[in-house]
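I have a structure here, written as structure tokens, and I will follow up with some questions on it.
Order of writing sets the chain letters: A, B and C. Residues in each chain are counted from 1.
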Amino acid sequence: MMMPAEKSDNLFCSLAGLVDERKTSTTVDSDPSKQAVKISVRNLNFFYGHHQALFDNTIDLFANQVTAIIGPSGCGKSTHIRTYNRIFELYRNQKAQGQILLDGEDVLSPEMNLIDLRKRVGMIFQKPSPFPMTIFENVAYGLRLHYRIGRNELADRVEMALKRSALWDEVQDKLDRPGTELSGGQQQRLCIARAIAVEPEVLLMDEPSSAIDPVATAKIEDLIEALKEKYTIVLVTHNMQQAARVSDYTAFFYNGSIVEFGRTEQIFKKPAMKQTEDYITGRFG
Amino acid sequence: MHKLSTIKTTASSRDQTRADLLFRGFTALCAIGLILIVVGIFIELLMNSWPAIKKFGLSFLVSQKWNPVPGIEEFGALSSIFGTLATTAIAMLIATPMSLVIAIFLVELAPPRMAGIVGGAIELLAAVPSIIYGMWGLFVFAPFMQDHIQPFLGEVIGGPLFEGPPMGIGILTAGIILALMILPFITAVARDVFLMIPNVVKEASHGMGATTWEVTYKVVWPYCIHGIVGALFLGLGRAIGETMAITFVIGNDHSISASVFSAGTSIASTLANEFTEASEPIYLSALFELGLVLFGLTVVFQIVAQLWLRRLRKSTGGRA
Amino acid sequence: MKPRSNWTRRSINFMVMAVSTLSSFIGIAVLVWVLYEIIYRGIGAFNWDFFTKLPTPPGVEGGGLANAILGTVVITALATLIGVPIGLFAGVFLAEFGLRSKLSGPVRFVSNILMGTPSIIIGVFVYAMLVVTVRHFSGYAGAVALAIIMIPLVARTTEDMLNLVPDTLRESALALGVPRWKTTLDIVFKAAKKGLLTGSLLAVARVSGETAPLLFTALNSPYWPGWLNKPTGNLTVTIYNYAMSPYTDWQQMAWGASLLITLGVLFLTLCARFLLQEKK
């Protein structure tokens, strides 16, 4: 585990002094020797046609940490992380402006190769979406696509991915059954196995447990805890308890802006902003 | 455990990105192919009918003469256009009420199992090739018309519309066969339109004490009228260009007569009968011009139907 | 306010219901009559010779329509090979790339026009394109004509079926770094497999019974199809020619061919329906 040794208050920045500025800066003052920045977002704006959905989002995400993104529905949480792998480009009229640096490389630049980018930045969606293939093929598909790989090693890696996503015990006897036959929670873990099999660096999770039952949710939360050792995880959730349980950092979104960002316990125990406090205590949203 | 470095990445991402572009280009090419075909049809028809257009001008559309004898050729499309419109009109007059009534029967009256079987049978009948209806029309229905229906109509109603010797074949017979052919098609579409009405709406009206007919007439009907008209347009589009169902029974005579008992011809059946026989270039060109007229007619109907359906889609919020 | 008499209302209802039930039965009875005649008159033509021998001149015993059966199968197969891929990829364009392209509106419009174009016009068009230019009728011209009829049908069902595939599936494939073309061919196609197969089958069923587009392209012939580079025998044009002939034995053959083609088309249609039902 790579938890920071000290959990000092200087890790979050109070925004109290910044509210008067037009642009709310939300970077966290951190000690760079301890916290490597994996993704650095600067002044990200997002548009659905003429409608602006994100306003000047600026945030740093640390390597091997779980960052939770919370906020009322429709506040731009999903929109925000859908820019990290440029999946929004599937649709017409969706446009992102600004800078997203993944290890210093600009994700939004036209030179960025989408296939490379998406190999490095995996994503789990709200609705489990196994491919219409067998369980084995679901995991092997991406591996075969990205790597030249022998049959034995392929089998090993599929097994490893399924183990890491805590699904192996449940599916090892039925690897040749269609992935769609699994339960919702199992399907979601299959999707996680599929995503981590190709060895991404970042894992984006867009409300991964909103469509599945509580027991499966608990499993996925344990999984997130275990996975952060290898990956940088961004978790969008509307469930504040979940954010509090699994994340190291939390960003609170409201109306397309990042209102507050800081260490999770600070956000939940003594939020700096009134809006954050209102949301966390359930006064709105 | 294997180390990541032991496995090599496959084909470079740049190649894949290029493959994506190629793929997209290829699908776009296929899509453009559709446009090229339709434009090609128009151009070919126009080019090949140009000699006839030059020679006969507008009189082609209003002349009833059809004389392919070499040297004194004279061609006019009026009899073919008349036959096309007359048979289509008869077909629509018969098929419209019948298909709607059958659709209502299937949705509102028939017990579910029966509705399922009959509905399935009707969909299958919509798939029966038109030449089958033509065969049946020539050998079974035309004699039946001659022996029973035409004498009956001639005696009971009579008048200029039902005049002349009962020959079996003719405009009326062709129209009826055409009606039979489009009947399953319109019925299937109309049934789907009726089925789209939420049950709540119907239940609410039944709950108020309305009879089945009142519900159909006052609730179902207004709800469906646009969809039904769309279905009728589609049926009309089929009827107007149908060839094989009527070529057998229309009589292929280039004349116009008030009586629906008399033989006539339609654009499609003229083409079917005379195209391979046309030896003189001007004859062939006149046939191409007939084709152009038919193509124009169907395009106009299609455009009207599509505009109608688009309006419908807007008014129902994209559900139809 | 005077309440409308219940008796009147109920009797109107009864009359309307009676009329509609009656007309339904008349309509359905006539359709059953058509099928009955085809089976009754056609079944007599079926014998070993019918399926294995070449046609004979009128009056000569024992001919068959083997060449026309083969010709119909070969022409339809070739039409499928040309029409289905083009229609399929045109449908892919509309469903997968259409949202981002200005081309999709016109393509959809033109596709509807082509679907409503009478098949005899397609025949005339292909005659001008492929028969006039090489100066003879040919089986492949017939196949092209049938393919042109298939393209918009396949494109339409492909677009509809691909639109049923949830976007999440596309997103999760793309998010895995799967290139767009593989996403479509490997994953979206697999998810829509049954729908695509159904659409193609229905298109094949539709064209295999077509006559008008073959009249001026494949024409007809009493010989084996060969390489399709000359007039090619086929069932539907044979029905047309034989039915119009004055010879009863040829007319008998036409009934047999009608039954065969009806059975073939209904079989394909039923296959397509079962495929679709299995999905649910």
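Keep this in mind: a contact is a pair of C-beta atoms (placed from the backbone, for glycine too) under 8 Å apart; a residue touches a chain by one contact, two chains touch by 3 or more.
Computed from a predicted structure; not experimentally measured.
S.K.: Give the chains in contact with both chain B and chain C, ordered by label.
M.R.: A
S.K.: Report the chain closest to the protein's overall CA mean, measuring from each chain's own CA mean.
M.R.: Smallest offset from the overall C-alpha mean is found for C.
S.K.: Between A-B and A-C, which chain pair is linked by the larger number of C-beta contacts?
M.R.: A-C
S.K.: Relative to chain B, which chain's C-alpha centre is the most remote?
M.R.: The chain farthest from chain B, judged by C-alpha centres, is A.
S.K.: Could you grab the centroid distance between chain B and chain C? Build each centroid from C-alpha atoms only and quote it in angstrom.
M.R.: Each chain reduced to its C-alpha mean, chain B and chain C end up 15 Å apart.
S.K.: If you average the Cα atoms of chain A and of chain B to get two centres, how far apart are those centres in Å?
M.R.: Comparing mean C-alpha positions, chain B is 55 Å from chain A.
S.K.: Provide the C-alpha centroid distance between chain A and chain C, rounded to the nearest whole angstrom.
M.R.: From the centre of chain A to the centre of chain C is 50 Å.
S.K.: Provide the list of chain A residues touching at least two other chains, using ranges where the numbers run on.
M.R.: 114-116, 119, 145-146
S.K.: Going by the contact rule already set, what residues in chain C reach two or more other chains?
M.R.: In chain C, residues 177, 179, 182 touch at least two other chains, as defined above.
S.K.: Where does chain B touch two or more other chains at once, residue-wise?
M.R.: Those would be 13, 16-17.
S.K.: Which residues of chain C touch chain A in the complex?
M.R.: 99-100, 166-179, 182, 186-187, 190-191, 193
S.K.: Give the list of chain A residues in touch with chain C in this complex.
M.R.: Residues in contact with chain C: 85, 87, 90-92, 114-119, 121-123, 125-127, 129, 131-133, 141-142, 145-146, 191, 194-195, 198, 204.
S.K.: Sort out for me which residues of chain B touch chain A in the complex.
M.R.: Chain B reaches chain A through residues 1-2, 4, 6-10, 13-14, 16-17.
S.K.: Which stretch or stretches of chain C touch chain B in the complex?
M.R.: Listed in rising order, the residues of chain C that touch chain B are 9-10, 12-13, 16-17, 19-21, 23-24, 26-28, 30-31, 33-35, 37-38, 41, 85-90, 92-94, 96-97, 101, 103-104, 106-107, 109-114, 116-122, 124-125, 127-129, 148, 151-152, 155, 177, 179-182, 184, 202, 205-206, 208-212, 215-216, 219, 236, 239-240, 243-244, 251, 254-255, 258, 261-262, 265-266, 269-270, 273.
S.K.: Provide the residue numbers of chain A that touch chain B in the complex, in ascending order.
M.R.: Those residues of chain A that touch chain B are 113-116, 119, 144-149, 153, 156-157, 160, 199.
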